[in-house]
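Remarks on the structure that follows.
As written, the chains take the letters A, B, C and D, and residue 1 is the first residue of each chain.
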Amino acid sequence: MNSTGRIFRVGLFGESHGQGIGVTLDGCPPGIPLTESDFNPDLGRRKPGRVGTTPRVEDDLPEIISGQFNGFTTGAPLTLLFRNKNVRSGDYADLRETPRPGHSDFVAYKRFKGFNDFRGGGHFSGRLTLCLVAAGVVAKKLIDPISVNAELVSAGGEKEIDKAVASAMENGDSVGGIVECRAGGIPVGWGEPFFDSVESAIAHLAFSIPAIKGVEFGSGFAAASMKGSSHNDPIIDDTGATATNNAGGISGGLTNGNELVFRIAVKPTSSISIQQSTYSIKTGKVEKLEVRGRHDACIALRVPVVLEAITAIALADFKLLAQSR
Amino acid sequence: MNSTGRIFRVGLFGESHGQGIGVTLDGCPPGIPLTESDFNPDLGRRKPGRVGTTPRVEDDLPEIISGQFNGFTTGAPLTLLFRNKNVRSGDYADLRETPRPGHSDFVAYKRFKGFNDFRGGGHFSGRLTLCLVAAGVVAKKLIDPISVNAELVSAGGEKEIDKAVASAMENGDSVGGIVECRAGGIPVGWGEPFFDSVESAIAHLAFSIPAIKGVEFGSGFAAASMKGSSHNDPIIDDTGATATNNAGGISGGLTNGNELVFRIAVKPTSSISIQQSTYSIKTGKVEKLEVRGRHDACIALRVPVVLEAITAIALADFKLLAQSR
Amino acid sequence: MNSTGRIFRVGLFGESHGQGIGVTLDGCPPGIPLTESDFNPDLGRRKPGRVGTTPRVEDDLPEIISGQFNGFTTGAPLTLLFRNKNVRSGDYADLRETPRPGHSDFVAYKRFKGFNDFRGGGHFSGRLTLCLVAAGVVAKKLIDPISVNAELVSAGGEKEIDKAVASAMENGDSVGGIVECRAGGIPVGWGEPFFDSVESAIAHLAFSIPAIKGVEFGSGFAAASMKGSSHNDPIIDDTGATATNNAGGISGGLTNGNELVFRIAVKPTSSISIQQSTYSIKTGKVEKLEVRGRHDACIALRVPVVLEAITAIALADFKLLAQSR
Amino acid sequence: MNSTGRIFRVGLFGESHGQGIGVTLDGCPPGIPLTESDFNPDLGRRKPGRVGTTPRVEDDLPEIISGQFNGFTTGAPLTLLFRNKNVRSGDYADLRETPRPGHSDFVAYKRFKGFNDFRGGGHFSGRLTLCLVAAGVVAKKLIDPISVNAELVSAGGEKEIDKAVASAMENGDSVGGIVECRAGGIPVGWGEPFFDSVESAIAHLAFSIPAIKGVEFGSGFAAASMKGSSHNDPIIDDTGATATNNAGGISGGLTNGNELVFRIAVKPTSSISIQQSTYSIKTGKVEKLEVRGRHDACIALRVPVVLEAITAIALADFKLLAQSR
């Protein structure tokens, strides 16, 4: 259940405050140039640091445990390990009995019958997205020269992102945002019929990123208000190019030769400094709660590189499937 | 690639104008009461007939080929077959070389190297949703007493649905819509960590329904404009009940004990009577095109029962997984 | 659980005495020439008729429900349906409470909580191998020009097969046999590392054929008595050709360029005319039992074409996987 | 391709002479008591040391990276890592161009296009069975109180195992063997119909152990020489107990309540001190070869605990599947 993909398979493991977190890429073809420094640029983009992100900073350099030899992927499973170092478990110790609103604390407790590592969200922590980004670095190499670029296009409903974030921080609050991803240079006809459409695969992975509440492709929810005569994209040549791109680059679930365009909605960070109330498992009553620890005022700021990663992962699998035919 | 699910597996087959279409349910537990008439209510709801839907009417009674004995499921694969009867292939014969805008014609031609059954969209036809609805009938029995209800909440941006549809029809045009689905009575903690969250599974299936452009859970895209202090749902008792339901019933990817709420955006039907232009594979030029045949002015009218079906299918698999632990 | 394969996926459905049995092939590439008469030769080889096989004869002509158009596979799921016609359920009616020794009656009753279609073994019937053979016909086309040939090499421990079978029949008894399969022309390097070796994939499928008790590759069980110096196959040229073939064409789980050679042990048919004893669910006591109905004295006679089929199915999946890299 | 199982999933990674090897168990239920010392007994049994096994000795203590907290499994993916320490890569450096007979060297080179880590067999090394044994330790806890016991019953065709091994060692040769595995206390009805029978699952995993050439259940290959009247096991009571156990505890692919009994054939170790000949990729000619390094004269000596492990892994998955119904 913690792995995904048909040929290019990605599996995650690890908890926020345990020994470490990691990812295994299975089905990665041999001969892709890969060294540890290749991970720096994307991992750097995910790092906290910008105003509105958590002050927790880890080295976050991956160790390549397997699947790489003499600077190339071997074709055997590629495992990357990130050790946890800067851990302050004390921040979270009392959260076992006081589940934070908006977090997985309560459901994880129930789902895992009280045995889950609750420290910092454990396996549900946003820290696991580090592994997605690392997997994305390999996937981007695999789908080269396809380009994948995501950016935060609004926060708190505003295009003036820094202003919206600053305003939320001032009040000890947090704010959501919208991230848009575009991928260019994808051949026509990638994707699988019923159940494994390109939208299905990308949405499946996108909803694995914590805090995502919605996904829309091309015209998305606006399509619901449109007429067919304005929504249909007229095909203009034999490459499949269309005069408009309401489809977002996907027809019938398959890539249609146009730019892949989709957006995701990121909810505001659940951890806020403002006092909230929640049910206490210990006292059996609703109690006041202040969430301590280090948090992002706008987690959406760190999502773009993660969204690029899951997009590349989905496309890498479709590429290998297309080659199999 | 035409099957989905981990334990409760659903696989589709068939083309719109071939011998028939069908579905195989694998992993369905034995002992569920099931007869052919059980399919009537939901299949009836999907049927055309309401203003704005296609005049093509099939009997659409499934034949239970296997997996049922003496009125109960046997636990062996359950295969349902719908014969195609009312077929007018002539309507579509020239579409091979004139791919319709907004349809899968062009990409299917490329993807299947010209060997696809292009009549009426072939395997990509909306007719395949008949099989999803049939699978949903069994899934609903499996998750009983959980309730699943979907309805069209707007069309063309209007809550006055009939009016919006009538207006589109008058002009030979089509219109999109938004369908909302709610499921009640789901235990806390269904869902799997990374990659198989409840959102991931439902979105994966929802994007298998033709014409869907977006999916959002709970507050959805509105969350992007919200503050954490108003978005977080305070837990109020030991069932996990929350004072608000911005999460849409899912926390950390797992069901949290509240009502599951999500919406999908349905694009306007691609087939319209208004003249359009498209690239002709035959002439190598952009040509005028009139789409003949029988079509829905608002395909969203027929989507609610399909959305219920895929929701029940996803929940059925999660239920069996939850029992395995 | 009733499907197998990673890209070329095969799923079975149906019961011996229900509406019919069938198979869906998913992931089959488009453009393979295929008509219903293509199934005749291999289905004919599986047919009863030779001395020692059951007198039950069905037409056993498959109907191609989907996935084929204008004489070629379309790339969409290919479903084949065999209607059951010559059914005499009365033969089996009392077996529900008197499980036959050597058969699945007792375990199926327990596994499916009494809801299984017990008539003629239901979903466990050897009749389902008809679907494997049909799937094999398509798989053989897919792996062309690789050759796959299986033959019964002994029955009852004797190379004089007809004699051994005749002797068993005279006494109302049955007899087992050994079937050997050879496949030539397989490229070097098919197969997947740990868990999906060629041996694993073939053995997995071979043990899906009813009555199989053992599988051995190359030197097989004889290897256990050999020395390394005589077992190792010296490589003699850059094609990977070896001076001997104790490996049976597989090294490290991957094809090594030599002929694939393996054997399976088929147990004697469980249904015999000789009186046996078994536990009666009805009386709670061990009772005498005579198995009526039509049966094979040596089911191994009909296994070779089934073994070829599962071999071709396994190789077809490996071929598509090899192309994906 | 390096993972297996439907609910209880096992994935391997690592190479013999790289950073380390490891295993991820996904789908393991929460609440199983587990500490690092629990691995000692089975890992100790796999260790070299007995006459006839390689002198290479590693500490081989696993580090639990994730999925365990406060002495119990958490339900999140459980990753175990074994660092490689005692590495002498020089032993193998020239084998890239001189593929050893009986080894994966040649096929791995072809399969992975020359990018494989060839040192010590890389990912194909028998060292990877360490991970299987570790996974087996967890699986045994999961299926408790089911017992699983395997032993070497013959080597070189002899029951006097030590004598057969000593004789091979004297000559710098190696020898094969037969390992038998028995599991008791398994409920009736575990296993899945077509394609995922208990035999299929166990054989699939058994052929993932390097050097295995055959698998047989119950009467196995001897069944091919038997009559039905002596092979059928009469059921004697309502537990499914049978007077004989020619079926090896499996009927119709499902467990039948009797002891599970099967045997595997292990070929003689491929690495021997005796001079052999092989094709040299470098010179393009057949050359003499002496295999240096540390090797087992009878690898079968170390197989029993590995066979127990894969049996427990298969049974663990079937147990979770049985609970899901």
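Quick note on the criterion: contacts are C-beta pairs under 8 Å (C-beta built on N, C-alpha and C of every residue); 3 or more make two chains touch, one makes a residue touch a chain.
This structure is a prediction, so every number in the text was calculated from the model and none was measured.
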Pair of chains joined by more contacts [C-beta pairs], A-B or A-D: A-B
Furthest chain, CA centroid comparison against chain A: C
Chain centre separation (chain A, chain B; CA means) in Å: 25
Length of the line joining the C-alpha centres of chain B and chain D, rounded to whole Å: 44
Rounded Å distance, chain A centre to chain D centre (Cα mean): 37
Residues within chain A bordering two or more other chains: 1-3, 6, 12, 30, 75-76, 111, 123, 193, 321
Touching residues on chain A, where the partner in the complex is chain D: 1-3, 9, 11-15, 18-22, 24, 26-27, 30-31, 63-67, 69-70, 72-79, 81, 111-117, 122-123
Contacting residues of chain C [partner chain A, same complex]: 6-7, 29-30, 75-76, 193, 320-321, 323-325
Residue ranges of chain D in contact with chain C within the complex: 1-4, 6, 10, 12, 99, 101-104, 106-108, 110-111, 121, 123-124, 128, 154-157, 168, 171, 173-178, 188-189, 191-197, 199-201, 203-208, 210, 212-229, 231-238, 240, 242, 246-248, 251-256, 265-272, 274, 276-279, 281, 284, 286, 300, 321
